[in-house]
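What follows is chain A paired twice: with chain B in the first complex and chain C in the second.
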Partner chain A sequence: MLRQFIIHLDLGFAYLSQFMKTRMEYKADLILGLVTGLLFQLITLVFIDVLFAKQGLTINFWTKGQILFIYGFSIFPLNLFFAFFPNLYNVGSVYIIEGNFDRILLRPLNSLFQVLLEKVDIESLIGMLVGGAIVCYASAQLNLEWTIIKVVTFAGMVICGMFIYGGVFTAVASFSFWWPDRVGLMAPLFNMITFGKYPVTIYNRFLQYILMWIIPFAFVAFFPSAYFLDNVQFRTYIALIPVVAFCSMSAGMIIWNLGTRHYESTGS
Partner chain B sequence: MALIEVEKLNKVYKNFKRKEGLKGALVNMIYREYDEIRAVDDISFSINSGELVGYIGPNGAGKSTTIKMLTGILIPTSGRLVVNNLIPYKQRYEYTKQIGVVFGQRTQLWWDIPVIESFKLLRKIYQIPKDHYESRLSKFKNLLDLKPLLNIPVRKLSLGQRMRCDLVASLLHNPDVLFLDEPTIGLDIIGKLSIRQFLEKINNELGITIILTTHDLKEIEALCKRLITIDHGKILYDGDIDGLRSCYTLNRSITFQLIKNFDFDNLEQKLKFDGNVTLERLDQLRLKINFSNESLNPAKIIENVIKEVEVHDIAIEEPSIEEIVGRIYSGKKN
Partner chain C sequence: MSTRRFPDSVIDGFIKYNEYMRISFHKMLAYRVSYLIGVITYIIHVSVYYFLYKALYHQSHTINGYDLQQMVTYVAIGWISKSFYLNYIDRELTEEVKSGHVAMDLIKPIDFQLMCFARGLGQSLFRIVLFTPPIIIVTTCMFPISGPASPVHMFFFILSTFLSVLIYSGINYTIGLLSIFFLSISGILYSKNMIIELLSGLLIPLDWFPLWFQKFSAFLPFQAIAFLPLKIYLGRLDGSGLVYAISLQFLWVIITMLIGRLVWKICQRQILIQGG
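Let's turn to the complex of A and B:
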C-alpha cells in the first residue's frame, strides 16, 4: 500500500517534469497563458470592488471585509483544482469515446491518477496571486492576525477544498462511462461552484442543505474562511472539513472505479 | 498447465439505439433500448508458453475484442479467462507487468514526448532496474535500428518508425506474453520484414509467447506455427498451418511440359485415375492435370504420365494460404 503510494508519487513528479519540459517548448504559449490568467483574475477583482461599493457594507450580517475574505479564499482551491484536474473535462470525449482509455488500462497504475497527470494546467496557479492579494487586503481591513499555524492550516484547507471539487467532478466525469454521449451534467455543476464563494447563510434552507451535504461546496471556501474570521458558530463544520474532503474524493474514486468496469473501448 | 486458458468466453456489446427527432430524444432520456452484438461467441482455446500464434479472421470477426479481453481492457460478458494464473481485468496491476501490448492502430507512447523520455517514464512505471533497462534497450535499439529516432517526439514519427518504437516500449519490462493487434498494418515490405524477423527472434531467443492478429497471411505463414481463425465471434479453425491444408478439400494441379506434340484423346484414354481427376490441354506441348488432395497424391500421377509420354518439365501448383483462408471465411468446406 505504502509502496504503491510512493511509486505513484514518484511518477507524479516524473510526469510533471516531462509535462513542464514539453510546455517549455512552447514558451510563448505558456507565457500568454500566464498573462491571460492573471488578467482575468484582476478583472474579477475590480468587478468585486465595484459591486461592493454599490451594494453598501453588509449582506445578511456579513461585512464587505468578510465577504472579500471568503471570495479571496475561494480562489485558492478553485485554481488548484483547475491546475490539477482539467483532464476530467476530457474523460468522456478523449478517453472514452475515442478509446484512449485502453492505453490507461494497460499500465500498472491507478487509472484516475494517470488521466489526471496526462494534462496539467500550471497556468491556473498564477490566479492564486490574486487570491492572495484579496486575502491580504481583507485581513488588513478586518485586523486579522496571522500565525504560522494559521498559514499551515490555510494551506491544508486549500488542499482539502481542491479534493472536494476533485471528488465531485471525478464522480460527474465518471458518469461518461455509463453514458458516454451525455456530457450535460458538468456545466450546471460548474455553475454551482459560484454558490460556494459566498456565505451559505445567505441562501435558502434547501440550497444550504445541498451545498453542505450533497454537493459540499460550502466546505471549500466558506467554512474554512469562518475559521480565520473567528466565527465560533461554525466550529463543528470547520472540524469536518478534512472529513468532507476525504469522503468527497473517496466517493469520486469509488464511482470512477465502478465506471471503469463499464468501459467498452471502441471498434477500431 | 497452459499459459493462457480461455473457456467459453463471450463478449456482448450493447449499442444504444438512438431514436430520431425531438420526441425520440425525449424518449431516449428516460428509456433506452439496446442492440446486442455478440462480438465473441463462446470461444475456447489454450496457449502454451513459448508459442507464436496467429489470430486471423475477416473484418469485424472479433479479433480485437478477444485481444482486449486477453489484455484486461475489456471485461468478458461470461466465460473463463486466465493468463499466468491471473485474471486480467481483476488483477490489473500485477497482470499488466507481465504482458506487452501493441495496437497497430494507436500508439501507447506519449504523443508530445521524445521517444527516449517515454521509455524513461516506462522504466519508472514498471519499476525496471536500471541495468536491466539499459541492456534490453541497447539490444532492441540495435535490432530495430532505433538510434536515430530516440530524440524525436512520437507525433513526428512515421507509421513504421512509430511501430518499431511501440514494439520496443512493450518489451522493456520483460513481459512473458506479447499481444499484437495488427502490428504491421500500413507498413511497407521492408518494415514488415524487419518486424517479422524481430518477432521471430524474441520468440526464439527470449521465449516470449506471442499472439498476433493480422490480415497479412504471408506473415502468418512465415511466422506462426499455429493458427486460430475466427469469424462472427466463433472459432472456425485452431491448429497448425499444414493441418489446415489437409483439412480442406483443395484443388491442386500439375502441369507437364512435353517434348513432342501429343495426342490428347489417346492420352486421356490411357490415363485412368480413381477419383476426381481431369485432364486439360493447355497448348500443343502442355498438359495440365487437375485433382484434389483427397483423391490422389502427385507422385502417383507423375509416375503414370511419364510412363506414357516424354516429359521435359513438371510444375506442381499448391493452393495458396489465401485461397484456403478465403474458403474458411466464406464458410465453404469444398
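Let's turn to the complex of A and C:
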C-alpha cells in the first residue's frame, strides 16, 4: 500500500516536470494564460462591485463584504480544480472516442491518476493571488480576526472544496464510458459552479436541496465562508464539509472504476 | 490567392454563401445531445441571476431606476436573445487554422469574412427555429417576465437583435483570426466571452455602472449587443433615442466588419510564412 503510494508520488513528479517543460516552450501562450486567468477573476469582482453600487444594499441580509469573502474563497478551490483536473474535460473526446484510453490501461498505474496527470494547468494557480487579495480586503472590511488555526482550517477547507469539484466532475466524465459524447454533461455542470459563488439561502428549496445533497457545490465555498464569517446558523453543515468532500471523491472514483470495466476500445 | 474577391452577381453570391449557411444549420442539427444540454445551460444562467436579483431587491422597490419585475425581464430576455445571437465562428476558425483546413478556404473564390458570417447566420437561423423557442417557453413558465413595451418596441427589438448577430459575428471573426498568431487561444476566446457578458450589459444593466464607465462603454461595440436591444424591449428608448440606438448599431456592424477585413489583410501575410 505504502509502496504503491510512493510509486505514484514519484511518477507524479516525473509527469509534472515533463509537462512543465513542454509548457515553458510556448512562453507567449503561458503569459496569455496567466493574463486571461486574472481577467476571469476581475469580471466577477466588477459585477459584485456594480451590484452593490447603491449604498446599504444587501443580498438577503448578506452584505457586500460577506459576498466578496465568499467569492474570494470560492476562487481557491476552483483554481486548484482547474489546475489539477482539466483533463477530465477531455475524457469523452480524447480518451474514449479517439481510443487513447488503451494506452492508459496498458500501464500498471491507476488510470484516473494517469489521465489527470497528463494535463496540468499550473497557470490557473495565479488566480489564487486575486482570491487571496479579495479575502484579505473583505476580512479588513468585516474586521475578521485571523489565527494560525483559522489559516490551517482555511487551507483544509480549500482542499476539501477541490475534491468536491474533483469528485463530481470525475463522476460526470465517467458517464462517457457508457455514453460516449464529446462534451456532454460537463458544460451545464460547469455553469452550475456559478450557483456556489453566492449564499445558498437565496435559492428556492429545490435548488438548495440539489446544491447541498446531489451536486454539493454549497459545501465548496459557501459553508466554509460561513465558518469564517462566524455564522453559527450553519454549524452542522460546516462540520460536514470534510465528510462531503470524502464522499464526493469516493463516489467519483467508484463510478470511474465501474466505467473503466465498461470501456470498449474504438475500431474493429 | 484568387483576385476574384467578390461574387459576380448578387444571386450567384447568395447561392454560394447560402450553402455555407445551410451546412452550418445541418451541423447544429447533428448534435442533439448538445442541443438539449444547451437549453438546460440557459435555464441555469437565468435561474442564478433571477435568484440573485430577487434577493437584492428584498428590501428595496427600485434600484437605479429598475424595479424587480423589469430586472427579471431584463435578465431573462437578455439570455433568450443571447441564445439567438451567439455563434461559434471564432472557435471554428481556430480549429481550421490548427488543422490546416484554412488553406482550402483560401484557394476558393470566395470572400473569407462573408463565408464566416454566412456560417454565423446559419447557426443563428438554427437557433431561432429550434433552440430559442424551448428556452422562451421554459423561462416564461418559470419566471415572471413582462411582455415588450409595445408592438413598435417589439419590432425594433427584433431588428436590433438581428443587428446584434452581425456585430457579434464581426467581433468573433476578428478575435478568431488571432489564432493565426497564437498556438492556443482558448483562453482568449474564454475571456472574450466573459468580457462581452459583462460589457454588453447582459449580467447587469450598463446604467448601474459608475458614470465615468458608462461614458467609456458608450465608445465600445459591446453595449450594442445586449444593452441597447434590451432597453428597446423594456420601452426605455423612444423616438429619437430609438433611432439613435439603431443607427449606432448599424455603425458598429460596419466598423467591426472593416476591422475584421483589416486584421485579415495582416493575417494573410502571416499565413504565407507558416506555410513556407
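Here, the second predicted complex is superposed on the first by the 262 of 268 C-alpha atoms of A that agree within 3 Å, B and C clash if a C-alpha of one lies under 4 Å from a C-alpha of the other, contacts with A are read in each partner's own complex, and residues count from 1 in each chain.
Basically, a residue touches a chain if its C-beta (ideal position, glycine included) is under 8 Å from a C-beta of that chain, and two chains touch if they have at least 3 such contacts.
Since the model is a prediction, treat every value here as computed from it, not as a measurement.
In the three-chain model built by superposing on chain A, chain B and chain C fit together without any clash. Between the Cα centres of chain B and chain C, as seen from that of chain A, there is an angle of 90°, stated in steps of 10. Looking at the superposition, the partner that touches the larger set of chain A residues, chain B or chain C, turns out to be C. When the shared chain is aligned, chain B comes close enough to touch A:Asp10, but chain C does not. By the touch criterion defined above, A:Glu264 reaches chain B but does not reach chain C. Applying the stated contact rule after C-alpha superposition, one finds that A:Asn191 touches chain C and leaves chain B untouched.
Of the two partner chains placed by the overlay, only chain B lies in contact with A:Pro108; chain C stays clear of it.
Following the chain A superposition, chain B and chain C show a smallest Cα-Cα distance of 7 angstrom. Comparing which residues of chain A touch chain B with which touch chain C, the overlap comprises 181. Residues of chain A touching chain C in their complex: 26, 28-29, 32-33, 35-37, 39-40, 43, 46-47, 50-51, 53-54, 57-60, 62, 181-185, 187-188, 191-192, 194-195, 198-199, 202-204, 207.
Within the complex formed with chain B, the residues of chain A that make contact are 4, 7, 10-11, 14-15, 18, 21-22, 99-100, 102-103, 105-109, 118, 181, 261, 263-265, 267-268. Contact residues on chain C toward chain A in their complex (touch as defined above): 33-34, 37-38, 40-41, 44-45, 47-48, 51-52, 54-56, 58-60, 63-64, 182-185, 187-188, 190-191, 194-195, 197-198, 203-204, 208-210. The residues of chain B lying in touch with chain A in their complex are 13-14, 16, 64, 68, 71-75, 92-94, 96-97, 101, 103, 105-106, 108, 110, 112-113, 117, 120-121, 124-127, 153.
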